[in-house]
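Chain naming follows the written order as A, B and C, and within any one chain the residues start at number 1.
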């Protein structure tokens, strides 16, 4: 696939990550069933291609959504979890509203992201890093903090056009659209307790 | 109740337990059941109880016949399969031996016993109970006679498309009268709109018009075009139908079909019906040149005379003076014996899917519009051109499954669109040499010579892309594709999203039931399936009959299908009708409801409940009456009557209660019921 | 009419213009918004990438706060499309998925909170204005019609899809912003890409692809003849506004297509000052476009030649979904 963004390789000199094991096909299908209970499951996919045809990010995907479903049904779990598809999803929901079998594709993509992250497939994934940085701010301040997120993320993954991005950032700042300090909610302890408990209640993936 | 010996209260019952090979005998101990019946049911009148391998075989039936003669039986119980299968068989055997067929009762020890459990002990006990129940019931049976209804030899065919025309010709050629009612000004239906038909590429009009003229000229066919069904009453063999002949404003006895009125009419209107909005007609018009009948109709909603009181050009120029501007609708009553509904289909409304651009992007056409375009008598005289009316396309995209196979629109497959789309691919290639792309999910070319047609299209170099099209976008928004349409689709065979620029897009829209199919079904008392198509009596074995005797369905009204299938169904329905007519009189099953006039209080609760409108109220006698021929023996009124004045012959209270007593007479103790192995 | 209001993180920072304009017009529309006290971030599409139940719990805390907050209303209004989808989706799924409801409320209980599914109605501000108030009401309040301003609507994705509560008749062919534009007296521009994705958070992940999508949208708007775009989503506004310079550089174009929030347009039609509506905070300036307001467009001179024979095929009838009384 010539036009697929490769996942950046591990830097030389770092300790190698622990070996990853893909989940079983049965557990993935079961997980999907909890995401869309009572709704059409991927067994209903007729491979029509409406999803891949509608996706704004299609040129970047190594597997279109319907191909991911076919891979899951074929048991190719390693390929599925290594796929960059869920990470390029922009949540436009085109696939979901156009699917003739009414499969909740976007929700399943979110599920695949969580699955890949929790099974250790995303160590060098740029999109996962953005999400992690974002999540970090939520878990400490209760709100997002654009300057902080941008700074942390770009430090690890510098933007292609550094000058242009810096220009835009300063323009935003001077228009009053970029704050220098994060806002923090009062109920931060409460939120942390809630999130802690919620993590315990996560299905082991 | 006397038996055949003349002795009061003493019946002679024969019990026959079928092995059905190992179907029953493998679970139920048939020998034990027969022996038990012989030994224990003597008080109930059982004089002989036998078991046999296959009761439905000719030897099995002979067994019953001989016993009836030898043992002087007056009641018969057969413990075997479901009555749905062999009730008729055993009734026939009993009748041949000289006994009234309704004195035979079946106990379904297969479907209700051996096929629902593997516990042999429990099964045998239950079989005994069922035999006891059947014996108790059959003692209460009375001999019944079939009801005979005379059959009117005229037939009503609703819908003048190819199926309706075929049915009408078959019946007319058999020598019987047919009324062919069609709501458009001419018969011909959708087939008259097509250009070429697959797979032979016969010109549709060339093969249809001979049939149309034959129907128009046939002495036994009375054409009632530009007419609607107003009301239907009656039952098999005797339907009374009111038809409203809409005002044509043309005197058909004087009109010669010269067409001058159409030429001279100054009012041009977009023809939404025949030309599918792509062409024009006049306010006074025939839908197409070869219309049958040839008489035009006047569209009064668009006629200058009816709007402003002026013009009258048609009247001025009509030589025989056939224009009748004071014409009125006329109601006529028809008496027919049978009805064939061949009302056809409507097309899916492509405006429901805005992302395909129909109605907003000029060069997106529907399949039916494209048929008109290809037709030599159509709005472009057969030239394939873009919306500007003159430029031929250099590339065409044909999108399959528009509005079909989609849970948001219609879930079913419309059956003909794959072949129609391949046909278009061929026509485009042949007439313009343009690049053609077909976008499909699955290629459905299943019938005779269809796959060969597919091979031919492949040979011509059509691009077949497997993917359901996501969007059709105006090319003017991207780079230098102005004037073109971009089809965005995932080519699933290579796993990539593609953006293919084309000049013209054709949407293969699906077929849908006619918008007023619900009304028609209601008028004629038939049902429709979940998708709105008329329901046949049995989807595999009885595709042209309905659950209402005397009403038949043919063609696409029963579900999407191609022309050969519609024609076959038209002939099939005609054959059924002719077989009824030939019998002159039909015998109907006597399992019907009957109201005891003395007990009826005239409350009329049953009148509204009857699903077959079979109960009427006699104003003079002030009691309700069941029309025996309309009644289907469903039992609703029997249950509903507060006074218990309604009995179902063949299903009286005494019979049912006796059966319950018999069933309960066999004690089935808990300890002998072993848990079924998991 | 009182409503609970969930601003979301963007309205407090990058899209403060949206909040400014919303507050500026609320009084005139007869609306009173009270911010949910101590609301937290909804997690956008980032938190759910990592955790499932925690992301629903994160969102549900806001629903629980809304349920508790007494202000005479149980309708929670969101302005940001992503916040709206998160809140609406969570509210709906907690109602239909018993397992999810149990777990999320278990987590909330750890913080002493609880959300009863069905107790809060979630709506987007566009839905509120069009389906509840109605464009006709907005039209009546217009003091300064924006005649001559050519405005194209841009919905983006999430306000219309997946539409868990079925607020819209058709997610691909909406009429809401169109009705509002007509109500302000501006000229409505037909913009075919109005429901196409702006690329969301893609600029931070794969800039090239996102610039391509942004390029298409801006190019399409320019070709449609729009003076400016109006939108309902902070991220759409940021992508088209903030990244336009970079997009121009990448594709060698020099477009200046301003994009404002629809509330800002309505505020202008109400006669409010641009500054009070946050106009001027946009990076691609709207000043030139707005300078056209009040300028009458000269009618075209009559064509004196006899037109050629019209052999065009007629187009299918399309029902007019809006505009009869606007």
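The definition used in the following text is that contacts are C-beta pairs under 8 Å (C-beta built on N, C-alpha and C of every residue); 3 or more make two chains touch, one makes a residue touch a chain.
Just so you know, these numbers come straight off a predicted model, no measurement behind them.
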Innermost chain, taking as reference the mean of every protein Cα atom displayed: B
Strictly by count of touching C-beta pairs, the top pair is A-C
Distance from subunit B to subunit A - Cα centre to Cα centre, in angstrom: 52
In angstrom, rounded to a whole number, how far apart do the mean CA points of subunit A and subunit C lie? 24
Per the C-alpha means, the centres of subunit B and subunit C lie apart by a whole-Å value of 50
Subunit A residues counted as touching two or more neighbouring chains: 59, 94
For subunit C, give me the residues that contact two or more of the other chains. 172
Give the residues of subunit B that touch two or more other chains, as numbers and ranges in rising order. 355
Subunit C partner contacts - residues on subunit A that touch it in the complex: 5, 34-35, 37-38, 56-57, 59-60, 86-88, 90-94, 96-97, 106, 110-111, 113-114, 117-118, 126-128, 130-132, 134-135, 137-138, 142-144, 146, 150, 153, 159-161, 164-165, 167-168, 171-172, 175-179, 183, 185-187, 190-191, 193-199, 201-203
Of subunit A, residues touching subunit B in the complex: 46-55, 58-59, 63-64, 66-67, 94, 98, 100-102
Which residues of subunit B touch subunit C in their complex? 270, 272, 277-280, 351, 354-355, 358-360, 362, 379-380, 385, 387-390, 473-474, 476-478
Note: in the complex, subunit C contacts subunit A through residues 9, 12-17, 38-41, 43-54, 56-58, 61, 82, 85, 96-97, 99, 103-104, 106-113, 157-158, 161-163, 171-172, 196-197, 199-202, 204-209, 213, 242-243, 245-246, 249, 280-283
Subunit A partner contacts - residues on subunit B that touch it in the complex: 355, 401, 405-408, 441-442, 466-471, 488-492, 495-497
